[in-house]
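Note that the chains are named A, B, C and D in the order they appear, and that numbering of residues resets to 1 at the start of each chain.
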């Protein structure tokens, strides 16, 4: 058997018992072998979340047939969302990166992408803060033919219409320290997921300068948080959080430096998990991370 | 529907595709609702590991029928091991605790048991080091009617025959810092799982006095490890590991103190996971921990 | 040289340069050997914090002379607080434990005390929640002759006058999940340090039921915090914080269980550090933890 | 007072009591203000380690006078090593980077250096594995005028003489995954510190392919270690260690990926601490990290 990996994720209505059975049966009937299955049903909720990874023979189970099979099962169970990805055959997820004057997260995503560690295509970088022509970011983007757009957003004009135009066709957005709130209107128009990195341990330290907030609060652990963007500032479902120890010896500057290291790891892991269909929001404010 | 929780775990031969489908179908047919499913198939191996948690109606699906159903599915797939537990209906796992002169792990397990945090029955405590009549452990055991046996093992006579007699009828053994190697013969005769806590980060620092070994090695992180006991010293499949930071300011004594705190947590979590059917060895040297 | 360990801590006004020199000179003149020195001066502040551990010969430098020497140096520098402890010669710190209906922190402190891991004397346990005569805590206290007082506090009468009477002569108080706010008046009357364990990662999740708050917020890391008590609820200077990973698989109950494990460690470490003169508040909202 | 920061570190013979007093007195006499002092004396050893950070007025205490003052105190106490750095006035530490075919650590150091986060000058990059002309590393080095040398070492000829020539004038070396053992002769000839990153949690998993070793051992935590290079393979004094959790779901590939993230952080922190005079070996196999 020729083997190709596939990931199928289904979210559906739970009182229709037997969804796991149907999904597994379908995979088995096509001679595919399951590697991982994860099913989660929140207590007292009428919904379920499932993710399967299996190896199949694309000759015996052609890609379009597979997609159709899963869609039909989804319909059977009123599945709200159903995604199937075959990493070797499907196009990579297309993302746009939004940034501001801080480069560390942006650069880290770009390098991980360059080294083949992030399975995405980067359609463009949009920044509300300009960069000189010969900086590392600008040079990097030029070398790789990734368009760079400088859109100086301010409270009066957030340039959201232009952003919307630029990110058309992307699968999700990554705010790599964008430092600008996107309006509810923008979120609705874009309609797809947006991942943000916040340089604080949410729900503490929302808003601006969380490192300074944490420094003033005298905490002994600082953190970073990746979350889905919702209209409410820094309150979307949390995907990943990481912490590091600080002490009275740490200055505000070393808080910032330690935070940046956390932000990079935290964002990287969130994007990677998202692309592997591991992450999905539930109950409005939470996430399942398989 | 009256709801009772059940956990089913099956380990079987993988080339029989469809085991997940069959299990899920069986659960669905009896109107039970799955809460969690975990399936894992090691790459290129002919074996699978699965664990399901589901809520069922014991009127509609009587306990003995359920056990029978799963056994039949297991047979269908040449399942090597198949366990079903209904925590509310089944008797608790019966364990024996083996200890030596160090009390911290033993006491921690006893207190967790007393506080209802460990779903086990403790059939006895066996120690190769004696305790004075009025010590905390002895008083505790007396109050709770748990037999205490002092069996001074030495290289010449490890008292294994007596131990075997005492632990008859237990479901698994917990070595709460027993500090004595059990022979291959003992392991074979007992035939069930034995969980050990090692006060070092295996595979480093096997054998005696790992804290001193770690202290001499100048490590910056110390750890504790719970693992299944095999004939080879401190080399059984690892269940759980935990670490804590140390520095040049730490003395050997503070290494020991920090280690003890890790050991207690690490052992507690391993026992709890084991009782919830989350832990099982695979490939001889590894574990799946669902 | 007969060797006895001593710890000296001085907090003083910084523009008098040379305090470290004077302290070290004084130690050297008496032939004592320094093991650790820690000095910290917050940027742009007129204050310094120092801690020294040294080994001295009590014949050559009698205890009362030593105390006098350090007091005189302190005066020289307008030292605000100056403490010297010789663990082998000084009486242990006397503490009172305040608890409510949750036993895990209380029991953990009691056992650590019993095992000689906490260098304190426990003068009494005060609880606003009653315990049946034969429970573990009551039995333990009886066996060790530690008085137990049940003072059912409510909003109308917090029984603070009675508490004040009971804790007279203690060196500091430990709130082992006391779950009752102490008034500004009480804090002023008591006049010494009070250490509280909060079962959340402050400044997030202040107030009641932080585990539930964290569960609802969908965090991926939960934590515990020890802090000094100030009139403002859960806002005193943070001493220690610890975290553990949680996921969508964790129930509210397992949040609570994981939190309890953190609380015990976090409280234990804070008390121990405090007794070793490592902890002191600074700038109102922060702590130095040497 | 004009304020410039200085760091002074002294290692000396301990039975000469009063070294801390002398150092602090000298600093105080010149009207300088201490920010941090750390002194450590290993138990029962005739040696001490001290580090001070203080702010001084370079008019009142000229740089060369300061150096002379500390040298004289050092002599007084037979100090074995005495270093004083004034980050704003002294030249940065000059380092050379040695790499092999893996780029992640090398690139991370280069970017941190570019972003001003590592206070070093990079004199050259030496690799035993060649790189194509247009790769990221080669482009980066060209743009910044950093020489790149390809020296294909093998067991027969490790090219150590050429390396020695190239690293003349550097203050220390960084092995950013060099994957080649340096001979005792090289270490002696070079005579200065060499920092290595090992992609395993030493002393476990020495030698080649530690990720695979860890994967086979079924560990639940993987780690990275920075250490000083000594003639014995992967056995030099440990500077920093970091870990991350792994599970049965992790493949060898994800072990490697998680490890790379740890290696970068671990190496970055070691270099930074080293430049701030925080790190020094003691007792042959350990380090003090202030």
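Brief remarks on what is shown
The working rule: a residue touches a chain if its C-beta (ideal position, glycine included) is under 8 Å from a C-beta of that chain, and two chains touch if they have at least 3 such contacts.
Bear in mind the structure is a predicted one, so any value in this text is a computation, not a measurement.
Looking at chain A and chain B, the chains in contact with each of them are C, D. Distance from the centre of chain B peaks at D, each centre being the average of the chain's Cα atoms. Chain B and chain D have Cα centroids separated by 42 Å.
With centres defined as mean CA coordinates, chain C is found 36 Å away from chain B.
The residues of chain C that reach two or more other chains are 36, 40, 43, 249, listed in rising order. Contact residues on chain C toward chain D in their complex (touch as defined above): 14, 17-18, 20-21, 24-25, 27-29, 31-41, 43, 48, 50, 245. Those residues of chain C that touch chain A in the shared complex are 40, 42-43, 201-204, 216-221, 223, 237-243, 247-249, 251, 282-283, 285-289. Considering their complex, residues 36, 103-104, 107, 111, 114-115, 117, 136, 139, 143, 249, 257, 261, 265, 268 of chain C touch chain B.
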